[in-house]
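Letters are used for the chains, namely A, B, C, D and E, taken in the order the chains are written, and counting of residues starts over at 1 for each.
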Amino acid sequence: MLDAANTTDVQAETLLEVNNIEVIYNHVILVLKGVSLKVPKGGITALLGGNGAGKTTTLKAVSNLLHSERGEVTKGSIKYRGEVMHDQDPAEVVRKGVIQVMEGRHCFEHLTVEENLMTGAYTRADGKGDIQRDLEMVYSYFPRLKERRKSQAGYTSGGEQQMVAMGRALMSRPETILLDEPSMGLAPQLVEQIFGIVKSINENEGVTFLLAEQNTNVALRFAHYGYILESGRVVMDGPAAELRENPDVKEFYLGMSDEGRKSFRDVRSYRRRKRWLS
Amino acid sequence: MKDMEEGYVTEDGRKIGGVVMEMKNITLRFGGVVAIKDISFDIRQGEIRAIIGPNGAGKSSMLNVISGFYVPQEGQVLYQGKPRPQMRPYEVARQGIARTFQNIALFEGMSVLDNVMTGRLNYMKTGLLSQALWKGKAEKEETENREAVEKVIDFLEIQHIRKTPVARLPYGLKKRVELARALAAEPSLLLLDEPMAGMNVEEKEDMSRFILDVNDEFGTTIALIEHDMGVVMDLSDRVVVMDYGKKIGDGTPDEVRNNQDVIDAYLGVAHD
Amino acid sequence: DLVFPSLSYRTGPYAAGGIPFADGYADYFTLVNERDGGIGGVKAKVIECETGYNTEKGVECYESTKGEGALVYQPLSTGITYQLIPKTAADGIPLHTMGYGRTSAANGKVFGNVFNYPANYWDGASGIITYLLDENGGDIKGKKIALLYHNSAYGKEPIRTLEELSKKHGFELSTLPVDHPGQEQKSQWLQIRRDRPDYVVMWGWGVMNQVAIQEAANVRYPMENFIGVWWSGAEHDVLSAGAKANGYKAVTFHNVGRDFPVFDDMQKYVVDKGLAAGAGDQIGNVLYNRGMYAAMLAVEAAKTAQEMHGTKDITPAMMRDGMEALEMPEARMSALGMPYFGPSFNVSCENHGGPGLVGMTQWNAETKTWSLISDFQKTDTAVIQPLIEADSASYAAENNIEPRCN
Amino acid sequence: MPEQLIFAMEVTLNGLMAGVLYALVALGFVLIYKASGIFNYAQGVMALFAAMTLVGIMNGQVPFAHLINAVFGGHITHFGWTIPSFLAVILTVAVMVLLAWLVQVLVMKHLVGQEPIILFMATIGLAYFLEGVADLMWGSEIKTLDVGIPQGINLWIDETTYNIFGYGFFIDNLDIVATVVAALLVTGLVIFAQYTKQGRAMRAVADDHQAALSVGISLNFIWVLVWSVAGFVALVAGIMWGTKSGVQFSLSLIALKALPVLMLGGFTSIPGAIVGGLIIGVGEKLFEFAIGPMVGGATENWFAYVLALLFLVFRPQGLFGEKIIERV
Amino acid sequence: MFYREAGDFKVSYQDDSQTFPIKFDRYRYYAVLAVAFLVIPFVINDYWANAILLPFLIYSIAAIGLNILVGYCGQVSLGTGGFMAVGAYAVYKFMTAFPEVSMFVHVLLAGGVTALVCVAFGLPSLRIKGFYLAVATLAAQFFLVWLFNRVPWFYNYSASGQINAPERDVFGIVITGPNAPAWATYFFCLIFLTFCAIVARNLTRGTTGRTWMAIRDMDIAAEIIGVNPLKAKLTAFAVSGFLIGISGALFFSVYLGAVEVGEAFGINKSFLVLFMVIIGGLGSIFGSFAGAAFLVLLPVVLKVLGVDVMGWPTDIVAHFQLVIVGGLIVFFLIAEPHGLAQLWRVAKEKLRLWPFPH
């Protein structure tokens, strides 16, 4: 099994620092209640947690996409390379090298698959040749996309759209990628593959990842460090390897009991919920 | 393969009945893209039937064919033994087929309660006039259906968000509300398109429990698409495997798991 | 104070026409106040209310001003007039719709409160035909006349009269409606170009006028044979077509130009003192003159009322009496510094429309002036009167009105 | 050739020309719709505003003169100079760019990600606002616009057709100029939208504001760009229509003539605007010519819409519009 | 502190689905009704009735009608002016043909006729969606106006082509024509508004309303789960047409008394009602009231402020009015895209949390 967690010795600089932020939607709905996290350069940091824990919101706070959802950061600070990030145009954030792959794909429906990928290169100033090379690279990662390059993205299957979204982000040659649920709706083979790609990009090109993921199992296998979010607060954090061994994480996030993996059939009458905070 | 006429008995002792829905040589094309190529399979009364396959294999399209949203160019759909004439999707729904969607298709502008109530359209019969005056029949009907819906809401444990607009809900809860909406219709056949995508293990466990309970308590037949092999292997009675629009496998989870074609096309490594 | 509300429109699609009229109306009252110290010593007060040519705003304006002791309404919109006819009747306030509004209101027996002297639409239509008869030595049999009209109640007004007249004089009438606002008249003008009518008569308002004149120039229709009603004959209607508009004609019920002594007073007492309602550059424009004429008639009616009732502070009811007894001989106009500014006429209980005297004006593109090219002539009452009787009779029947003046 | 047929030909030709004029207005709509999914109701008022500004600049009018006079007293109206039309057009374009920027900063920026109907509503607010400002700025009286575009019958066509058919066709010079201008504009815009990076970004923005932001497309920039171009198109339309009918309020109503064109051609298609314009122009003129006299005329307004409606029933996205994606 | 839902328990599902589940709202609603029915008729004068209250009441009905179509069913319509014209001409024909029948009946019948016309023009909505549909409804707008202008039968062959409301009464009280007392016209419209609002509320909280909203939010999914789109859309068109027809009938017969179709029911009317709906809040009955009040009152207030208080020339005020109305529309949309109703809801939500933030 691939195990990236033993590369914890990278004592890299902190690229992204989220400091005790609070996010409110619509002026009334308080969603993040003081979230802090650090993303070291060149690392893969995972953000774990159940539904509605606030993972997406955290990522959007970083990429400054909250604004268009009528959300705002009311407290705390977000710094990228020591520079304060909020109040910056989202496009500016991308130009700084931080790009987000949004949850739920968000492809440009009316554009073809290839045009979608090309929009990823919008902020790039380097020549056509480089962009073309990267396009080929994306196609080599996702051969399925090459087959469908001329189809309108709106008509591709859910998984294909997920690949488009990933590929589009790669096309911008980012320094940091915020990945929101990359594995959602992907076939198991592809999940492995995508994480493989994440890992190789991370290792070969030094791209930093902040990864929100439900699939804790895979995420902890590839990430270096993990934060567990619940109801808008960070309830636990630590190196991925440690988290994997934590009994609570094991039980609630990995679905393991002492006897190994539980069958989904067996949980029927069994039910217990543990929450660190409620 | 278990293909005795009158059904079979599962390992845990449930009785599976005869064929309720049969797809015969379905072919579906979109312009040049062939989404489904000559596929046949059946769904039996009371079973949990999984459809799996790589992305873009045509699984969702298959559900859409069953729902009547896509009309296949070739092939036939037999429902309860009879060939189904071409129908509008809402007529299909009236026959007792309910479903959830891969990209959540809730009515964002409505509360959870209202969303679930729309699931009961089949049971709403009063006329416009009576509703406009909100007296007598209309009010009674509303109350009766509300009771039924509340049962579903209780069952899925979403009481606390009853009045919340769905737009505000996190992904996982939305999926659950969608299931509630489908269940409210008290369907005989329930189609689920990736009901557990985007959930963590704990939530998947919850969802599995709901699915099993529905199947158990109401005897609802379930067809489900899912990428989590654990879930598929544990829950389903029989599995169809699709790849590039073709059927490459059909059988019990164990049979499928050990099918080399399936391993090559989909699973990658053999899953335990 | 004597209150004269002015329901004006300085915005919206017809602002270009509404502005000069409202300026003229207001300025004349200012002049009377400044020069004469008011009407019979009582100051006149103009309350301006913007309607934007919109009927609902018209209602709001009416309701908000009627309580201020309004003496007479001049709404400058046929639509608002229709609304106000029953309302003013109920409130006992007179309504003066000069050259617009409900034509059959000329019948004072039915419309006790409404006045449309000195001329109405049907007079306009008839006046145009009379003029053409004169031009052609009294015979227009077999001539083709096209009516290009704004496709609204207003534009449809002349059709019946013209139909009657075409029966009587044997000309051929064709009608060409133009939909609001009237910017696109290609079809109509292609048809005119094909059919080559001898004359084109226009019932337009707003942008329709400019476009029609421009298109007439484009298809080289002889401008002398193109005649508009008085709402299609102001400077701004012809200016944009430039030299090509030379010779265009419009029927009128008052004089045009700046050559009247009253304008010297206007300059002195109003414009130079900075009291003008507008920029003061509209004086002498056709619609300014019309607004001023309307104000003058109102002032004279008020004076008549003051004399009749022996009081300075007249009520709307007295004002009504004054309007009904109004006499406008030439001498009176001359005395006001407005010689031959309009036709001489008297109003009576039966006839609220005056004698229907109309003249013809023509545009000179070089000097950029309109000039009166015919006398104020009588229109064909034999044709018009029965129409008025019929229409007012049906109104009376609908609303259970007992005829007055018996 | 029978006379009626010749007339019908003339009507058809004129319909085509009228269609081009409609298309000029429709183009502005298409641009903004394509770039943001906004149905820009203010396009008509923008044409009015542009034309008024052009006239105002040419005549050396003092902006807001009336207001200034009313508030502070005084009688200023003109600076006392006139500006040649070419220069005035450039200045007006600059004003339209400024306007685009203001619209972006003050309005659109705050409405990113809202539903289309909300954005539509905002443009209606903008239309009101702009109309009021235009009137305050330049006065609401009617103005004559002459930038030297020839107007009136084209004699050459008249003569040529006379020699062929025995009846000289009427074609307006202004329409010919408009056709040439429209052809240039459309070519340029098609190239821009389909083949440039900004064009692609523009279409991406229309599909999904958030996703566009997430890949680093600056909505600000794209929208200012597009609104500027739309402002320029509005100016062109304003010049053409203003030359025809004088510059005044009614100019803003030409938007209503552009809507059926838009619908028929497809909201998202630049060539569609032209083709739609031609079909509508010919259709309504022919209908008025052939059927109009039987039903009392003035059919053009509604017929254009009914015609477009008929097309839509068969192609709900218009002739060239992007297919409406219906999936679950 | 006084705005609470805690402690306000529901013991039955009927209670829970009532119009105002929160007690405080319910009392406020009764209070408003009481003032509207028992106080205003006694203090009303001509100005308030004709310049403010009648247009407010009538536009509220129209806005509710359009809100059903646009806000609840998601079918954007720009044909409101035309449909109001149908109501007006229908009531005119009924009034003149059957003078002895009560005005209540006439107005309701006019609503019915409009509903039919509206359904006919709603048919294309099955294929045409979004702004395409909006523009397509303009066909109805222009065609209807043209028709009423063109065919003399509609205006009883009157010379001018205008229609005039003859004097008609209800139970002996004159409510149309110039002699109708202000309180009677007000009362008449108020009754219709109350009726329409209740009908609209009942429909929107029940099955029909849910099918409409389902179509609005996601029409394909709605059809797949069992909503018959044809039925849903056409009932929305019918109900909307019914209300808009009533408002058109009242607009003509009670409020203006005389109309010319192109002017009173032109495209501007369509836009005006749509503004009311959007500014008030899509999918909210309360919003329809708020929107109507806003757009009826604002110009009057601005006029009074500008002309009467500041003493500015009317044209400058009129231009400023445009600027301010436009500016406010934009401002409100930015502050709260979901309209005044949502602004109100958020305010309530804050109030409920008060004094604790969040």
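Here is the rule we use: a contact is a pair of C-beta atoms (placed from the backbone, for glycine too) under 8 Å apart; a residue touches a chain by one contact, two chains touch by 3 or more.
Source: prediction; values computed, not measured.
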item	value
Where chain A and chain C overlap in contact partners, by chain label	D, E
Chain hops separating chain E from chain A, counting only touching neighbours	1
Where chain C and chain E overlap in contact partners, by chain label	D
Greatest separation from chain D - chain, by CA centre	B
Where chain C and chain D are represented by their mean Cα positions, the distance between them in whole Å	35
Distance from chain C to chain B - Cα centre to Cα centre, in angstrom	75
Separation of chain A from chain D, taking each centre as the mean of its C-alpha atoms, in whole Å	45
Centre distance in Å when chain B and chain D are each reduced to the mean of their C-alpha atoms	50
Multi-chain contact sites of chain B, meaning residues that touch two or more partners	69, 101-103, 105
Multi-partner residues of chain A (at least 2 other chains)	29, 155
Residues of chain D touching at least two other chains	66, 135, 140, 296, 298, 301, 327-328
Chain pairs in mutual contact under the definition given at the outset	A-B, A-D, A-E, B-D, B-E, C-D, C-E, D-E
Parts of chain A lying in touch with chain E, wherever the complex brings them together	24, 26-30
Partner chain D, residues of chain E touching it in the complex	70, 76, 124, 127-132, 134-136, 138-139, 142-143, 145-146, 150, 220-221, 224, 267, 271, 275, 278-279, 282, 312-313, 315-316, 319-330, 333-334, 337-338
Touching residues (chain side chain B, partner chain E) in the complex	67-69, 88-90, 92-94, 98-99, 101, 105-110, 114, 117-119, 121-122, 124, 126, 128, 131-134, 138-139, 141-143, 146-147, 150, 181-182, 185
Contact set on chain E toward chain B in their complex	12-14, 16-17, 199, 202-203, 206-208, 210-211, 213-214, 216-218, 220-229, 235, 239, 283
Residue ranges of chain B in contact with chain A within the complex	12, 30, 33, 53-57, 60, 102-103, 168-173, 194, 197-206, 208-209, 212-213, 227-231, 234-235, 266-268, 271-272
